[in-house]
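Let me begin by presenting the structure, written as structure tokens, before commenting on it.
Chain nomenclature is as follows: A, B, C and D, assigned in order of appearance, with residue numbering initiated at 1 for each chain independently.
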Amino acid sequence: MSKWLEESIEPGFRASYKLDKILASTTSEFQHVDLVDIEPFGRSLVIDGLLQSCRCDEFVYHECLVHPAMLMHPNPKTVYIGGGGEGSTAREVLRHKSVEKCVMVDIDKDVVQFCKDHLDENAEAFADKRLDLVISCAKAYLEQNDTKFDVIIMDLDDPLEGGPCYQLYSTEFYTFLKSKLNPGGIIVTQSGQSGIKQHTLVFTPIHNTLKSVFPNTVPYNQAIYSFLDEWGWNVALPEGAKPPAKFSPEEVDKLIEERISGELKFMDGCSWQGIWALSKVHRKSLAAETVVMSVNNKNHRFMCNPGIATIAEENAKRQKTA
Amino acid sequence: MSKWLEESIEPGFRASYKLDKILASTTSEFQHVDLVDIEPFGRSLVIDGLLQSCRCDEFVYHECLVHPAMLMHPNPKTVYIGGGGEGSTAREVLRHKSVEKCVMVDIDKDVVQFCKDHLDENAEAFADKRLDLVISCAKAYLEQNDTKFDVIIMDLDDPLEGGPCYQLYSTEFYTFLKSKLNPGGIIVTQSGQSGIKQHTLVFTPIHNTLKSVFPNTVPYNQAIYSFLDEWGWNVALPEGAKPPAKFSPEEVDKLIEERISGELKFMDGCSWQGIWALSKVHRKSLAAETVVMSVNNKNHRFMCNPGIATIAEENAKRQKTA
Amino acid sequence: MSKWLEESIEPGFRASYKLDKILASTTSEFQHVDLVDIEPFGRSLVIDGLLQSCRCDEFVYHECLVHPAMLMHPNPKTVYIGGGGEGSTAREVLRHKSVEKCVMVDIDKDVVQFCKDHLDENAEAFADKRLDLVISCAKAYLEQNDTKFDVIIMDLDDPLEGGPCYQLYSTEFYTFLKSKLNPGGIIVTQSGQSGIKQHTLVFTPIHNTLKSVFPNTVPYNQAIYSFLDEWGWNVALPEGAKPPAKFSPEEVDKLIEERISGELKFMDGCSWQGIWALSKVHRKSLAAETVVMSVNNKNHRFMCNPGIATIAEENAKRQKTA
Amino acid sequence: MSKWLEESIEPGFRASYKLDKILASTTSEFQHVDLVDIEPFGRSLVIDGLLQSCRCDEFVYHECLVHPAMLMHPNPKTVYIGGGGEGSTAREVLRHKSVEKCVMVDIDKDVVQFCKDHLDENAEAFADKRLDLVISCAKAYLEQNDTKFDVIIMDLDDPLEGGPCYQLYSTEFYTFLKSKLNPGGIIVTQSGQSGIKQHTLVFTPIHNTLKSVFPNTVPYNQAIYSFLDEWGWNVALPEGAKPPAKFSPEEVDKLIEERISGELKFMDGCSWQGIWALSKVHRKSLAAETVVMSVNNKNHRFMCNPGIATIAEENAKRQKTA
């Protein structure tokens, strides 16, 4: 008798991981969370049926999400994180010595508390005085506060059909975000699976949508073993900014040495060269992409978000009837 | 009732692919081969329990194996392929207009025949007059023939414990191969899984072993979706050759345009930049690797090859008792 | 890499059988059929996603279906089999020396041909001159012919939602069947899973429905390993007939010896005692069952049959769009 | 992402149960125990990789194990249970009004405590003053105490290769047990899988071994859904005792009514008829069985027990190195 975690990667493709132990579990208003030990990837966080991050390689994802945007900004003092409840994104942001304030806004207080309680690797970040941790909707917070930011990092679930995050990937939201950036500010967003088969699901649409508001949007990607695919991000740079691929390995290594505390595990000048070098297949798909995600267009391959409030209501209903 | 192909990726990690159809199967003296349709990856060749290549992305593997070595050689006329029975490696080699002769030596005549019969995408290559297809041991052929080559491509199974290919990854074999290269010749070998967790299994040992004979050996890698990981190769360049990462995108694109017939799907000047940019993690492991695989050292983490003859004998025995 | 057949036994319960070989496959107008070798059960027939019969224990099912009804009839000369395309039911019927004519009516000519071609164990039965094999709807044949029978054996798929066989388990059909029985005639029908958890799905409703027309209906069951559960049947006896459980082992053994050619593998006087001894749990459920399946009542837990013609049409449509 | 419990039923046959929740787990000196909720069978106890008992049908196993021996004894006052740590066997024993003392000896104090803590259905039994719960080796206790018993119930793991229970199924142990029976005493032992394919693994050898000491040993079996097979037991009756199959349903029902408190769920006069009616296949195998398990014969298909002490030592070692 053995225990297994089974993940449906795509139709007709299942991955099964031997489940050594369920260390802790909780069900919040929005999601179900498990902290588990699985044989191939070690300690792992599973949120609502998604292998969210595994100790064996979560640093690849988080270093790729955070450091390019941070290093390309000349002096990032204020940073906004939308989502990121796990704490690892904040951890990487707070390594930057220039950072004076990092506002992290996650909607799920139970998940945040769960991660605070159980993820030792992020304990220091959660305790950092520069971190302003807010439980709220990532959009509502920005609407209700006047603060502007040097770097905005969107670390949310994919904009999938009916999912709660769809509107936070829309052209309308990106237009709004523009007003929340300090001059010279940079936005980066996680952008889903980006391997040779799946990169048109959300990676190219997110790219095209962000680009509709920020013409100097640059896509990048990196293989992540525990995600069983490459993963993608898109960074919106100020117009006229130096293209990321033009940073030499030496320049990047120098920036890291000057501006980041401690040692990065994944990112350095050479790793940097790799993430911007998208393949011919990817570049063709990016060039061909026409979808601009909007809260108004309900006819394309994503369903529009019924609103976060609605999701919470539905969850509440489900819990009552369960 | 559904049919599934199940692959054990590593201990405690299984991948299962919905099996739509088994189109053809054969058992040779050495291996069992199936041509199958699986839901996530389409038409796929399964050789002895390994998902050998899937129509959805086999071109990524084969373009990465073949074109860097071929393009970095100034004028490759004669090419040797060790293994490669499937025919896709030869297909990519024969796209190079400079090639006058391509000798492909595979030990398994039944598998080669099976691929000739069933893989339409390689029919043209198998029919190409420049191809000299030989059924033999990859090493024995070279020993018995005086020919030297401009480019040698080793496309063999991983050097795993007790596997038939171990000695073809040894420092002794690489020393022998050196005598089979024309001046300025280049050797490339597939080098197994190369993702953040598995790259020290065979990728770094192969690198270190090839480098023990060819000091200018350069490792590279690329994510391959259907292999569920990044994949690695090592190319041994002449001393003093220009480092691959120094070829600009424009240079590579120009070489491809001038020297290759038809259009590549994966490789171009920009894809090229990505494959050489190994991450900090990989470079640390490569630097720390001390294993040099030898037919004499039986105490490291690979078992020495009992010889291809032995394998065939064992298979014969197994078939008798089955 | 291994191949597996996976069966969904009930929600949250999957059985997986190692698939050694697919020996033959065909897709008929109605169904998809595979003849496979699976490691635990050997040679097996899979019809439309159901493990139909396995060489290791198909005789248990077929001996239980056929012999009780046949042995309790004083002198069965004419037998009707509804369904049974595999041929094993006919094989068991034709062992009875008294049988002069066995009409077997199966709707699927391709499946029948497939079984004729591939199931050696039934070759003799298919060649028996007493067998009248008809390709037709089991009901239509009876409507179009005047023949009456001594024993009627219904060997059909379960009456599941939307399935083609629903109406052949209805009170209307059983009333019609009554008119097709010679005096003293007996009807038996397979009646689905009958274990402690699943016996109320179809076993007790079929019992209650058959009993609505034939008051002397007796349920019985037997564990069948390859079905992963007990299996059930219901036999409708003439009023006043001796209860099956009152046959002593010796009586049954004598009947078998006198009336059956060759040796049975499963059934004998002692096995007979076991099949009628339903547990307290089963008898409670049978007593509590109120459903009478009717072609008119669409509100109970089975969906009415849209008609065999409709099914065939739908299959045809599916094939066109595939 | 879903969680599954996977059980290897036999080579090439896996059953997977959707794992809703792990309610509690513990690792004792001897075994690992989980209390889980699985979708098909509900609350279930998993001991060392064996689905030990499921709330949906554990009563079938335990009523079959306990009541036949108890009801065939004219007046069972003292009962010995070897193993049975879960408490369900004691629960069924203590329903018998005649019982004055039930000694239950299980080696694993942690598992017993775990069951006391978590299995509500056995709370009353654990609290019953007639129960004498002893933590010890089932054999050692009997050696160290002079008490004799009316009924001895062996509820142990199968006598599998290297398992801790092998010697408790040996002819030597049964000879010893004989000396622990009061005149007219009865012994019953669980006897493993007993379906058409697996019944010769341990069921027929246990029968033959018990019979080597007690000539009037009667085998019986019953399908148990959550065990995915029939299950077997063997009861050793005094010489000349009335054969179980000769008890009429009415007699059994009367005995149950007179002697048992509360209502049984599975066993009654009619269920009783079924369990003794072994099929022709089973009876042939029983007649052909020649194995007599002995602590001395190490050459048959079971490996001799290295001794419970050894097992515990090995577990301790494993824990240290883990």
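In this text, a residue touches a chain if its C-beta (ideal position, glycine included) is under 8 Å from a C-beta of that chain, and two chains touch if they have at least 3 such contacts.
Keep in mind that this is a model prediction, so the values were computed, not measured.
**Student:** In how few steps can one go from subunit B to subunit D if every step must land on a touching chain?
**Tutor:** Step count on the best path from subunit B to subunit D: 2.
**Student:** Fitting the CA atoms of subunit C to subunit D, what rotation angle results, rounded to the nearest 5 degrees?
**Tutor:** A turn of 180 degrees brings the C-alpha atoms of subunit C onto subunit D.
**Student:** What whole-number Å value describes the gap between the mean CA coordinates of subunit A and subunit B?
**Tutor:** Distance between chain centres, rounded to whole Å: 35 Å.
**Student:** What is the distance in Å between the mean C-alpha positions of subunit A and subunit D?
**Tutor:** 54
**Student:** Give the residues of subunit C touching no fewer than two other chains, as numbers and ranges.
**Tutor:** If we look for residues of subunit C contacting two or more partner chains, we find 16.
**Student:** Per the contact definition, I'd like the list of subunit B residues that touch subunit A in the complex.
**Tutor:** Per the touch definition, subunit B meets subunit A at residues 9-18, 38-40, 56-57, 60, 195-198, 223-225, 228-230, 245, 264-268, 270-281, 283.
**Student:** Along subunit A, where are the residues that touch subunit D in the complex?
**Tutor:** Against subunit D, subunit A makes touches at 1-8, 16, 19, 22, 46, 49-51.
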